[in-house]
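Next come two complexes, and both contain chain A; in the first it sits with chain B, in the second with chain C.
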Partner chain A sequence: MNLDYAAGILLGSLHAMVPITLTASGEVIGESAGLFNIGLEGIILVSAMTGALGAEAAGPAVGLMVGLGTGFVIGLIFGGVCTYFKGVQLVAGVGINLFAAGLVAFWLIHLGVPGHHAVAAEHQLANIATPFGDFSPMILVAVALPVFLYVLLFRTKLGLKIRAVGENPQAADVAGIKIHLLRLLATAAGASLAGLAGAYISVDWLGSVTKEVSAGRGFIALATVVFSGLNPLLVLLGGFIFGFFDNLAVWVATMPTIKKFIPWQFIAMAPYAVTLLVVAGVIGRAKFPAAIGIPYERE
Partner chain B sequence: MSGNETKGPSTLNHKNEQVQESDDILLAGKDLCKGFPGVWQHLILDHIDIDLRAGEIHTLLGENGAGKTVIANCLSGFYSLTEGQIYVKGQPVTLKSPADGIRHGIGMVHQELALVKPFTIAQNIALGLPGSDFSFPLPEVEAKVHELSETYKLSIDPLAKVEDLSAGEQQRAEIIKVLYHNPEILILDEPTSLISADADRLFEVLENMAKLGYGILFITHKIEEALEVGDRVTVLRLGKSMGTRQTARTDKSELVKLMFGEHTPVHLDRKPIKSDTIVLDVKNLEAIAADEEPALQGVSFSIREGEILGFAGISGNGQSELAEVVTGMRPATRGRVIIGGKDYTNRSPREIIRAGVAHIPEKRRAMGVIEPMTTAENVVLKDIRVAPFSRGSFVNKSQITRHTNEIVSRFGALVSDLWKSPARILSGGNIQRLILGRETWRIPQCLVAVYPAQGLDAKAIDHTWELLMRLREAGSAILLVSEDLDELIALSDRIAVMSKGKIVGLFEAGEATREALGLMIATGGKSSTSKKG
Partner chain C sequence: MRFPAGIDELAKTIVAGVIGFTVGALIIKLYGYDPIAAYRALFNGAFGDLYSFSESLANATPLILTALTFAIGFRGGMFNIGAEGQLYLGALAAVAVSYFHLPSAVSFALSLICAVLAGALWSLPAAILKAIRGVHEVISTIMLNWISQFLCFYLISEILVDPQRAEKTISVVESARLPLLVQGTSLSYGIFISLFAAIIIYLLLWRTVIGFDIRATGHNPLAAAYAGIEQWKIVLIVFISGGLTAGLAGAMHVMGRPPIYAIYGGMPSIKGLGFEGLAVAMIGRNHPIGIIFAAIFFGGLLAGGRMMQLSANVPLELVRVVEGMVVLFLAIPELVKLFGWLRKIGIPPIFRSKRS
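Then we have the complex of A and B:
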């Protein structure tokens, strides 16, 4: 019984970990290259929408890919604005969030029931049944991805280049690296992972789209990146911690005994409170690339 | 290019230029012009010709702002040229990026080192290598760095992180990074600015490399280095080439003339001081420096109307702090600052400005202007609160434009436009002209001038000196801080020598000579007072 509980909580936490780890892993690539994308929240939201529609049209795998592609396109726009056009990253990112909130709310009205769109079970990604509940294959992706990114960033020349344009773009320029192009591709690759996270939420995990479906996970992912100090392996750990608290509220809601003493809404606050605490505790010591947030100009 | 190719040029006697033929010229620039956006009418490079031969060290000498770094950046492909043509071994080339430069065998060591600090040296080098992005060439790089380090006696550990290295080691790491690409041409931009103690070591390395047939373009603002290192020296002044000399056949005085122009100090007519009214009275002043050490230890002096009191001494002996305390920017821990009979000790800079104190600050870019703001905004910075520049909450743009135009033309500042370009793009000399104009157009009651002529060319120095004398005539009390003894002797009515936060000697205008001042500055006043008799 107790083991079942523990396994249930673990499984729930892993499911809740996936979108945060995916998004944060992507953001690690972008921030390593010097671009800080505060628009992840918006990318998750839009991709949850497009992913759901893609899944309904051509199956869950396509839905996930559509989410990924949506993130990539938004990332390209963000990256273009912030590299070649020397835009302010914070403003461009906030723009994505505002655009996403408006677009998804509007789109949901057109899909019938305002504010909510359920993805039918046959369009959702098939999970593996275990004695303790369903297990999504995306969990495996979320665990493997940070390991892959760690190797990419710290064990390949491409990784060196990405970190160099974030740390000292002038030096990278002298070394013959195309700063703007590399930064653009890095942030777009990162954004596409946020898109994948969005599609996972609607096509797999929650199976629905609402105008608040992202629920601050883009911002929590940013906090996870701070926690990780741009190390993808720590993103995995951070993602799990946040996933655990995210899942906690759901779990409490199903436990009548605890619910009597603590309202589940109070527990639902946990992931955000933990985010605040982690960021407050870590941010002073976190080491970011020296040139993060600064558009590069040669002359 | 290492190996067999290096042997050829090394057999030539590269000190003897006449016998060299033009096909030894590795790199040449003809009619190089560069104007940055917004300052087109003031060319940063103005039709410059330069060439670099195999096996020689060619020194590019000039003051800050002369355009040395810009030439280097153009020749290495980092900047694009506005006009002109670059030739590599006689072939015209267009360099669009540093990668193009590397491809043509041109390597540049930047003044602000182009190293990624958290990376190791090997990682920094691996960055610039061709080959697959998914490869991991580090072991190979480490081996070659070892080899290069041995060959050129650079003693560099490829696995050391850049941020852990001393300035001299970083400099040598940068050279290795450039050498890794087998350049034939090496451009070094002010390589000794960070490593004055280690410079000899670097010169040895460079001379070795020249013997191996490299062409080396060495940039410096230090005349001594130009005479010590190079085979030829080209002097730049304000974006123009002042000519090329063979190092063996020139000397310091000729180079000084080429660098700064002939500066025969104007004869300054000094009328006796008319007034006994004391404008600035400083009593027993003490203050703490930024490093928490005592900066001023009981400084007392007074300046009368129409008097210039010069402060001599090696910088860092309390002169900066004195100027800051008088202008309200640094608190006094003891003592009094009395301006026009009223106590202004530790009052705000704004109150002190209102009391009629103008300030030509030491750090012109950091303290003198707000770099992202425009020329007009900077010129009116201190007067913006008063009519006619503003009424109530609104600024009067046409009045500010008229006023700025007047100051710009009167002080001969080269600015592109008044309201568009930021002050950041102006040269140091032009910024100084704007500051001089802003601080003196209204004839201040008291002027605190810290290194007022720094970075100006000979003509502008004359103008500045004349300006200070005119203000003196008009009754300003002037506190002049300078390291230039000629300037102090030419301008000051009295000269105080500062050492370790104290005034250690005071000279009247007539008795101050370079020798007496120099001796007192060097000894901190310990022996000179008795010798002077």
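Then we have the complex of A and C:
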């Protein structure tokens, strides 16, 4: 009985972990290259919408790919504004969030039922049945991806170049690296993972789109990146912790006995408080690329 | 083309606005509605008559204040996006005063004071972390916004809950409400409080030594530090004054907005006002006077969106799409030169007119 409970919570946490880990892994690439994308929340939202429509048109695998592509396109727009046009990254990101919130709400009304669009079960990604509940194959992707990205960032030449344009673009420029192009591709690749996360939410995990379906996960992913100090392996751990608390808060909200002892709202805020302590240097100290957030200009 | 600084800023806003509305029109068209009818309804709903204009001003009231929070930070070279969380607590602090059934004059003043103090208090952790540990304010304010949200969810459902209606907080007592300026609309005297705050912030930034120090830090932090301006003082002043206006924005909503004068669970009526304030600040080019006009424009879009939905069937959410596009393009520093740049790289032949 207790074991079943524990396994259920673990499985729930793993499902909640997937979108956060995917998005945060992507953002690690972007931030390593020097671009801080606060618009991840909006990318998840729009991709949840396009992913759901893609899945309904041509199956769940296509849906996930449509989400990935949507993220890539929005990432190109954000990256283009913030590299070649030297845009202020935080402002551009906030613009994307506003745009996405409007577009998805508009789209949902256009589709008929205001505020809610359910993806029928036959269009959702098939999960593996286990004795403790369904297990999504996307969990495996979310676990493998950070490992792959760790190798990419710290063990390959491309990874070195990505980190160089984030740390010292002047030097990288002299070394012959195309700063704007590499930054653009890095942030677009990162954004496409946020798009995949959005499609996972609608095509697999929750199976529906609402105008608040992203539910702050883009911001949680940003917090996870901070928590990780741009190490993809720590993103995996951070993503699991956030997923665990996300799941635990929902669980506590439904348990009257525990709710009296500790309100669910305090469990839900715990990961943010922990992240705040991490950045404050109480628990370790996060280090970021020197040139993060600064548009590159040749002198 | 070279413009004096002020004209250049205005030109940039207009260019971004034109792009935003063009993208909006394309989307309206794409989904099979009529863009011209939609925009006509939008304009009439925003500024067509006294009622519409009053609603636009009512929407602008809190936006002016949250925009000021961001603008003060921006002038000081900081990116303070904490208005969102500070606004929630400001609103709830104003509601909380009504819990105690105080004499009327006292409860009005105390509601305002508690709201601004709550906002300022919630800005302190970010300010202290930045001043002492060098923590970037974007990260700390994002975290504080979420902590504030969950704290407020708790306060709304467990402490300040209306015993008769569990879905909302108690309402602000009648004596602590701002009287309506135009009967039958949502516009209260709160608009004058917002305008007054904008003027105060203008005077602070451009007519005081502290304001000079803030702007100097924003222009060049190293030079400012070398000139003897103490960074930690600037950080504290910027965050606290931003927190005061954000808290006041929350108070304006619960004390000045009919009909409920309370907050529903999930805070739908105030959620997002902080981030929209950021957009308003960008459109107003981070200047208090520009912000007043930008907030009225923004408030007008929200009010006009309703009319657009009613008479042209275009969902009012479209105005957010336009807002988002405008903000995205305003991020580009040399937007006005964009067209010159396009000419330089060569416009594809199909877009060229025959004569050239």
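Here is the rule we use: the second predicted complex is superposed on the first by the 267 of 299 C-alpha atoms of A that agree within 3 Å, B and C clash if a C-alpha of one lies under 4 Å from a C-alpha of the other, contacts with A are read in each partner's own complex, and residues count from 1 in each chain.
Convention: contacts are C-beta pairs under 8 Å (C-beta built on N, C-alpha and C of every residue); 3 or more make two chains touch, one makes a residue touch a chain.
All figures in this text were calculated on a predicted structure; none of them were measured in a lab.
Colleague: Applying the document's definition of touching, compare chain B and chain C: which contacts more of chain A?
Modeller: C
Colleague: Would you sort A:Lys161 into first (chain B), second (chain C), both or neither based on which partner it touches?
Modeller: first
Colleague: Between chain B (first) and chain C (second), which, if any, makes contact with A:Tyr5: first, second, both or neither?
Modeller: After superposition on chain A, A:Tyr5 lies in contact with neither partner.
Colleague: Contacts for A:Leu222 in the overlay, against chain B (first) and chain C (second): which applies, first, second, both or neither?
Modeller: A:Leu222 sits against chain C, while chain B stays out of touch.
Colleague: Looking at the overlay, does A:Cys82 come into contact with chain B only (first), chain C only (second), both, or neither?
Modeller: In the superposition, A:Cys82 touches chain C alone.
Colleague: Determine, under the contact definition given at the top, whether A:Phe148 touches first (chain B), second (chain C), both, or neither.
Modeller: neither
Colleague: Of the two partner chains, chain B (first) and chain C (second), which one does A:Thr275 touch, if any: first, second, both, or neither?
Modeller: After superposition on chain A, A:Thr275 lies in contact with chain C alone.
Colleague: Looking at the overlay, what does A:Phe106 touch: chain B (first), chain C (second), both, or neither?
Modeller: Second partner only.
Colleague: Residues on chain A in contact with chain B in one complex and with chain C in the other?
Modeller: Chain A residues touching both partners: none found.
Colleague: Can you check the complex and tell me which residues of chain A touch chain B?
Modeller: 155-158, 160-161, 163-164, 167-168, 170-177, 290, 298-299
Colleague: Tell me, which parts of chain B touch chain A in their complex?
Modeller: Checking each residue of chain B against chain A gives 36, 78-79, 97-99, 102, 108, 110, 112-119, 123-124, 126-129, 131-137.
Colleague: Touching chain C in the complex: which residues of chain A?
Modeller: My answer: residues 36, 38, 42, 77, 81-82, 85-92, 94-103, 105-106, 109-110, 211, 216, 219, 222-223, 226, 263, 265-266, 268-269, 272-273, 275-276, 279-281.
Colleague: In the complex formed with chain A, which residues of chain C make contact?
Modeller: Listed in rising order, the residues are 27, 31, 79, 81, 125, 129, 133, 135-136, 138-140, 142-144, 146-147, 150-151, 153-154, 158, 272, 275-276, 278-279, 282, 315, 317-334, 338.
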